[in-house]
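Here the chain labels run A, B, C and D in written order, and each chain numbers its own residues starting at 1.
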Amino acid sequence: MRIDLNADVGESLGAWRIGDDERLIPLLTSANVACGAHAGDPLTMERTVRIAARHDVAVGAHPGYPDLVGFGRRELDMAPDELEASIVHQVGGLLAFCRDAGVQLRHVKAHGALYNRAARDPVVAESIAKAVKRISPSLVLVGLAGSELVSAGRAAGLRVAEEAFADRAYESDGSLRSRRLPGAVLHDSDAAARQALTIVAEGSVTSHDGVRVSLRADTLCIHGDTTGAVEIAKAVRSALSAAGVEVLALEA
Amino acid sequence: MRIDLNADVGESLGAWRIGDDERLIPLLTSANVACGAHAGDPLTMERTVRIAARHDVAVGAHPGYPDLVGFGRRELDMAPDELEASIVHQVGGLLAFCRDAGVQLRHVKAHGALYNRAARDPVVAESIAKAVKRISPSLVLVGLAGSELVSAGRAAGLRVAEEAFADRAYESDGSLRSRRLPGAVLHDSDAAARQALTIVAEGSVTSHDGVRVSLRADTLCIHGDTTGAVEIAKAVRSALSAAGVEVLALEA
Amino acid sequence: MRIDLNADVGESLGAWRIGDDERLIPLLTSANVACGAHAGDPLTMERTVRIAARHDVAVGAHPGYPDLVGFGRRELDMAPDELEASIVHQVGGLLAFCRDAGVQLRHVKAHGALYNRAARDPVVAESIAKAVKRISPSLVLVGLAGSELVSAGRAAGLRVAEEAFADRAYESDGSLRSRRLPGAVLHDSDAAARQALTIVAEGSVTSHDGVRVSLRADTLCIHGDTTGAVEIAKAVRSALSAAGVEVLALEA
Amino acid sequence: MRIDLNADVGESLGAWRIGDDERLIPLLTSANVACGAHAGDPLTMERTVRIAARHDVAVGAHPGYPDLVGFGRRELDMAPDELEASIVHQVGGLLAFCRDAGVQLRHVKAHGALYNRAARDPVVAESIAKAVKRISPSLVLVGLAGSELVSAGRAAGLRVAEEAFADRAYESDGSLRSRRLPGAVLHDSDAAARQALTIVAEGSVTSHDGVRVSLRADTLCIHGDTTGAVEIAKAVRSALSAAGVEVLALEA
């Protein structure tokens, strides 16, 4: 048994800080670095890539809607050609910092409202898959397990990683519980660790109302911007190690 | 005798248009494409690179200060590490569109206030040279002939191209006449063509007050955003051809 | 018979120009001035208000989604409190230039994707109506004739002006023909003038496929960003004058 | 003896938080609210004004250079008309939230690099003074004690408040010690309280190298974005109260 452990990082902007990347990144196997559209200025991108490089953590791009004030959490109705060009641009900017730091860019994972839209909208999913392929056909596309984005990535001939969440509650239909509803986020590190282990070891998750749902995942996400992200990451790693699960980056 | 002919292009932003890139680019040998900081959104960058690719015109990056409303024409007091990271980021974004279009990125030329600052400020010049070298040591750095940027580029071991202006008036000390003064810009295509020819064939330029100034240039700039840019470019090319000057892109 | 004639103006951004406000504004009775979110920087706002003041044209605010690259033409999924605050902020910024120029702010008309969304979405319509009322209950709210925004404005106790378009084609159900379809925009000034006159004098419009549709309007819009806007405005004014229609700003 | 106690607040941006405004504002007599250019989105502006209104703290505008990534701490070479228009726009946006909350806007204090530039550059100082007067001649202009901005405000006929800093070290010539040098910021709340008291009660401050410098101040600034701002504000208020100094907002 093996699993990748990822988090969204580099989501600061100039003087504004979100997340404790120095402490969180060493606990990950994959770091999704914000690309300047929803968060992340050039210097933050550069520093974040270097932290990941120093700890030998796989670097991925984390493109989002171009909307700083909304932190990429508001849907923006971009035309397919606009969205494709935006993603090529965002990932290209990050790629320059990867080459500069001597590391390979390994994967691409969309952020926030773009991630959610791509999970259910095949047109948006296809735009993302096409953009990723244009940048490099050897990039791994990360998407919500079982989503339209996963299908679009496979149809485009990309390697795809299906993602599940250690610290988010699920509905009984396997979808993520909306952040607008109570109990959507697991703040307790033990609960997150238990959920992580169930997903990896049993291929299922227990929904917030007690239903067991099948779920297979190649990578587990920890939210870097929540309080206690570092503690959750530690708890998840400990639980996985104790159960004999190897925590390894996605295969290229 | 040979010379490169360049212009700043891709300086539109969404619905706002500046320059007639479709008609101007085919007349150039080098196109400096705006990178999203002072002008140019991702879709504009993509389209501009493709126009240049279609006409076999060498593509360069044209990074500027991050200031859309000021069009990169206002100095912004960025720290050296901020400036370096910004240039790596801007050029990296463009590079993605070059790879996508199957063309090589050939040169980097700073825009507006950044170009002018780098011509006289060795600290800013060094930041630009270092950023360009970090992206690729085989890129050509374009700078005002005889400027600090040219020196910084050489000191960094980069290939450097010295630039002169077909359509800008010069002062008797060899500096460019400030745009705030009358007669700073040559709108007459014949006058621009004559100045271009004098620079290339005689290695000198006549200042606005009649003084002959020595000047050697590897590349001549036509301003893409002035009315009549296309006519000026045509007149310059005709004059150079008639005089037996080869108009060729910078050597890699 | 009377009608107001409005256009969207002040939609330049720094060095980028859209529209010929100096020539168009004197032909209007109401000028909708962009507020910096989808277009318009502070200096453009200041200058546009002063042009309107000089020609005694009523000034209104033209708030849009905060999206310069998309020119406010892409829907952005803002929460109601975000949208309300954004509109209060945008209109407040313009109000400062109105007071400075010694003119009253008379009306508010949403831009682009926000206008279209508010025409059909009662939640967005209510947010706009509430924001306008918070700024001043004596402002006139302009909305598409017969739309949700008109209803929301009335429900909020605001004076409402229903708008029709001189230079846009209509569908047989009274909606505007989508800009993605051929024939959506009338570029012929005579056709626009005829449509304007039919709307005002007969209370109806002929759809692009020949159906007569009832339509009552307090104000007619000319698109300031189309080529020929000045010619269309002149033709519309002539046709209305010749038919004895008074062209007057909305009543306060 | 009386003094005003101010801090810069509302400097969050969407999901990014700076400062603990809910706890800090009640300890102030004047709150300088960021206006969206260097920090502060519309919803943050609205909420910050409401916190101040609830605690009966005087509201002022805190305009800065339009540079989110640089947090307004990098000089931007704006032309005088651009700067004036930007300030009118920024303050106008805040004014709308003040009217909406039923409070008066009382003062204007520039932020960061703009504050520092205006302290020494008479042209920038004059632009700020003119902009403030255009918005309302009854606004109080806050500037560094003894600076060019104070002179420009007086020359424009504005009421001026001279500012000193409780938590910043001074040089022996009365200028602020640069943030790039060690010891520029006082993190110890007792030290800040002692400095505040010396300024108010003795009209002087002891420089970082032990020289006593004369200094008169109408208002004392606490930096809202430093750790311990709330503790410093409490210590300063206690020390002032114990010494019989009245802490009151600036007189209108």
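Just so we're on the same page, a residue touches a chain if its C-beta (ideal position, glycine included) is under 8 Å from a C-beta of that chain, and two chains touch if they have at least 3 such contacts.
Everything numeric in this text was worked out from a predicted model, so none of it was measured.
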item: Pair sharing more residue contacts (C-beta pairs) when A-C is set against C-D; value: C-D
item: Averaged-CA centre spacing for the pair subunit D and subunit C, given as whole angstrom; value: 39
item: Subunit A and subunit C, separation of their C-alpha mean positions in angstrom; value: 42
item: Numbers and ranges of subunit C residues touching at least 2 other chains; value: 41, 69-70, 82
item: Touch-based graph of the chains, sorted into line, ring, star, complete or other; value: complete
item: Subunit B contact footprint on subunit A (complex, rising order); value: 36, 41-43, 45-46, 81-82, 85-86, 88-97, 99-100, 134-135
item: Interface residues, subunit C side, partner subunit A - complex; value: 66-67, 69-70, 74-79, 82, 113
item: Touching residues (chain side subunit B, partner subunit C) in the complex; value: 12-18, 41, 68-71, 73, 225
